[in-house]
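Each of the two complexes below includes chain A, the first together with chain B, the second together with chain C.
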Partner chain A sequence: MSTQAAFVADGLGKRYGAKWALRDCSLEIPRGSVAALVGPNGAGKTTLLHLAIGLSKPTTGDVQVLGRSPRDEAATVLPRVGFVAQDHPLYRALTVGETLRVGRKLNPSWTDDLAFQRLERLGIPLGQKVGTLSGGQQAQVALTLALAKQPELLLLDEPVASLDPLARREFLESVMEVVAERELTVVLSSHIVADLERVCDFLVILSQAQTQLVGPIEEVVSSHRLLTGPRTDPATVARIHRVIRESHTERQTTLLVQANGHVYDSCWELHEVDLEEIVLAYLGHRGERVAA
Partner chain B sequence: MTWVALRLQRTETLITAAILALIAALLIPTGISMADAYSHDGLSACLALNPSAPCMNAIGDFQSRFQSLFNLTAWFTLIPGIVGVMLAAPFVVELESGTYRLAWTQSVTRRRWIATKLGVPIVTGLVLSGALILLFTWWRAPFVHLNGRMDATTFDSEGIVVIGYTLFAFGLALALGVVFRRAVIASTLAFIGYFVSRIFVDVWLSQRLVTPDHAAWKSNQPQPANLFHANLISQTGPGLVKGAVPGSAPFGANVHANVHVSGAVARAGQHLSNFTTHVVYQPPSHFWPLQLTETGLFAGIALVLIAFAAWWTHERVA
Partner chain C sequence: MIEFHLDARSGVPTYLQLVQQVRQAIRLGILFPGDQLPTVKDVVGSLAINPNTVLKAYRELDLEGLVEGRRGIGTFVSGQAPPPPPDGLKELRSSLVRWVGRARAAGLDDENMAALYFDTVRPPTISKVA
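Our next item is the complex of A and B:
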């Protein structure tokens, strides 16, 4: 396991009753990356993030965050990790100012300056009750709370799912600003691929409780190709490359492949594919997992 | 962390403090007038075993004057239940609303969070029940002089049992709350549970927590002196003329006396001297043993419930 990894899962699994929410998950997210955790609802994204922050205990395997176990070494892991849970829970009866005070009381590494400046820039009044803020403002308060403890790793669970398009863009811009300002690893989950493409440089695709693809987005995009050619059995191609999705018409075959080097066969016409299409292909794919 | 727990418990603290203030507003003026009446009528001089006729009249007057107020205070036995259930709510609300995910992902460990979130309401509950005990004890002092403190209404609000009741209600609401994660359901069920178990203990169990004393005497003999200020559990036979001795007619008292006067006794009025009166009772000397046992029972169950809630929250909530 690399010490450069901010997050390492090794054979990680979590079972609720008879159902596996996450199964045999092994992956590394390098430090400094902005990783997107993509998958449909119920794919295990929240479970993975809860295991990462120590809210849940693994059923099998091991998880390391910043080189430590989030559950057994909570006292050393928690101050270094910022977390915004799904639907950004906050104390609705507290004012924004009191919410910041909660953050200050509960975090030794808290920085008031960062918190106050951020909220002032966003125009969120300190005297207002959190429950009366808009969804976007609440998400920003939750993010501020997570950032003001000056984390090395920031985990965001579906941070924009409940926001309208404008608030969604503002929130993601905030995340990008923070990443530009300082050394920070971010893992954010979403089922909306288009949002993540602008922000993230690392991709984890989760589906049916298992990781389908893990790797830097640039490599993911450059290694996947769409092949079109006369109708044929894809077995020849599958010997060298990994076929993610195949579709056939009467005269034509279209394959989305993860190419192992160049595709030399001249009977295929090669097209580049965008990230969204790759993600969709994997989400429909039922094969074994691969690393890009 | 303590500030956070106190801040998130503010509403409940204010409500319980307001209830306490209301009770104080009722008890302090009436307590003053009662204490005045007691000293004005010179009732303390009437506490001899066989008081004189004017004394009996003065005691009777005093008792009939404040009887309804005294009866009203029997309802105050619900207050520890309300306080305990209320103080458990902030913990349960945190699980219900999902804000524990915010709290547990700050820099404090789950263990410390649980300890503080339980410690703060427990200390609040102890302070409030202590204040209740002081208030009741001061208010009831004249009655206690006249009738002792072994009757259920007085017994349940003096000494230390109130602390046990408060902790029990708190523990019950907490244990139900962490399992159901619904504050309203947990509070309602816990209050019902509190009420039912208090009735069970008052009516049946509490008399058995410390072995009661027995006494027997012939009708032509005087009643034994240690029945003074005792709580009568059961009686057979014709004796114990109510009102003859202050303690024998527990004023406002919850005496579960099963008076079985046999038909033979009723018919043979002139031969009463041949019959024996048997009584089972808790003498005043049993006050503290009973208090300690009952408090220990309720506080012990409360500790088990609180420990269960802490364990459940630590291990089962994610």
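Our next item is the complex of A and C:
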């Protein structure tokens, strides 16, 4: 396994009762990436993140973060991983200052300076009760707690889903500032694709408990094409390229493909597709096959 | 110093938008040789974009010879960057403004005007091929 990877899953699966929350997941996220974990609710995003920090135990396969097992080597690896859970849960009755004190007690690599400076810059008063802060401020406090341990890997579970557009933007700006300052790998799950194209450079699409696509966003965008042409059986195209989505009218066929090299066949007209359309194609991939 | 802005719907890749804005600022005489570009941290902190996108844009400008990175200090408009435009620019702009007014009065919309512009500036050999 590559030492360059910050996050490695190998045949990873998690079953709750009869239902697989994540199945046969193999992927490598390179160090220094800002990776987007995209998929509908219930696709297995949170399960994957919980497995990554050892909160749950794999049913099958193996997961490693920063080259180590988060369960077997928890004491060495977890101090180097920052995690912000969905809806950034905090103790609402504590003040911001008290929350930082808890963080200091619980984390060996804690840096007070970083935490206090961040909150001061954001104008979040230390004396205020966490429960009375706005959603955006609570998210920033949760992020500050995760950053003050100076993690090498930062995992964010739906960090902006509950925030208004302004707070969402400010949160992502904060994360990008940290990435600009030092070596940090970020994995963030989201179902809002629009923000991700700006922020992320690596993509993992999860749907129905399985990975559908893994790769650098630049490659993903450059390798996918929309083909339109006279109505045909897509089987010939499918022999060379991976057909993600097909639709047909009486006269026309439209295919979204992951191209394996160039598409030479001149009967197809080629169009570029943006990231959002690619993601949607993968999410609708199963089930919806043929349109009218 | 300039401030970048992004058009998410333009279809132009983000790094290229940054490159174009620097080129444009140099062309219009907003940036001069020796001027500093915003730091990567400033850009990502105001646009919420990936730092590598900014680095890629600055690298591209560096390859074009328009800017040069000084390690640990920042990125600056290079001495080889084309000189600021001649004084005639103002006059050209105002005659263009008058032309746009006439074109609108003649019933041309923005798209018609752009088509006319590109058709006029494009070398004749290429326009035949197209």
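Keep in mind that, in the parts below, the second predicted complex is superposed on the first by the 286 of 292 C-alpha atoms of A that agree within 3 Å, B and C clash if a C-alpha of one lies under 4 Å from a C-alpha of the other, contacts with A are read in each partner's own complex, and residues count from 1 in each chain.
Quick note on the criterion: a contact is a pair of C-beta atoms (placed from the backbone, for glycine too) under 8 Å apart; a residue touches a chain by one contact, two chains touch by 3 or more.
Keep in mind that this is a model prediction, so the values were computed, not measured.
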| item | value |
| --- | --- |
| Per-residue touch tally on chain A - higher for chain B or for chain C | B |
| Which of chain B and chain C A:D87 touches, first, second, both or neither | first |
| Partner chain in contact with A:K45 - chain B first, chain C second, else both or neither | neither |
| Which of chain B and chain C A:L172 touches, first, second, both or neither | second |
| Partner chain in contact with A:R118 - chain B first, chain C second, else both or neither | neither |
| Touching partner for A:D195 - first (chain B), second (chain C), both, neither | second |
| First (chain B), second (chain C), both or neither touched by A:A180 | second |
| Touching partner for A:D274 - first (chain B), second (chain C), both, neither | second |
| Residues of chain A contacting chain B in one complex and chain C in the other | none |
| Chain A residues within the chain C interface of the complex | 34, 169, 172-174, 176-177, 179-181, 194-195, 197-201, 274 |
| Touching residues on chain B, where the partner in the complex is chain A | 1, 3-4, 7-8, 11, 97-99, 101-110, 318 |
| Of chain C, residues touching chain A in the complex | 6, 8, 11, 14, 40-41, 44-54 |
| Complex contact set, residues of chain A against chain B | 50, 53-57, 74-75, 78-79, 81-83, 85, 87, 89-94, 98, 101-103, 105-109, 142, 145-146, 149 |
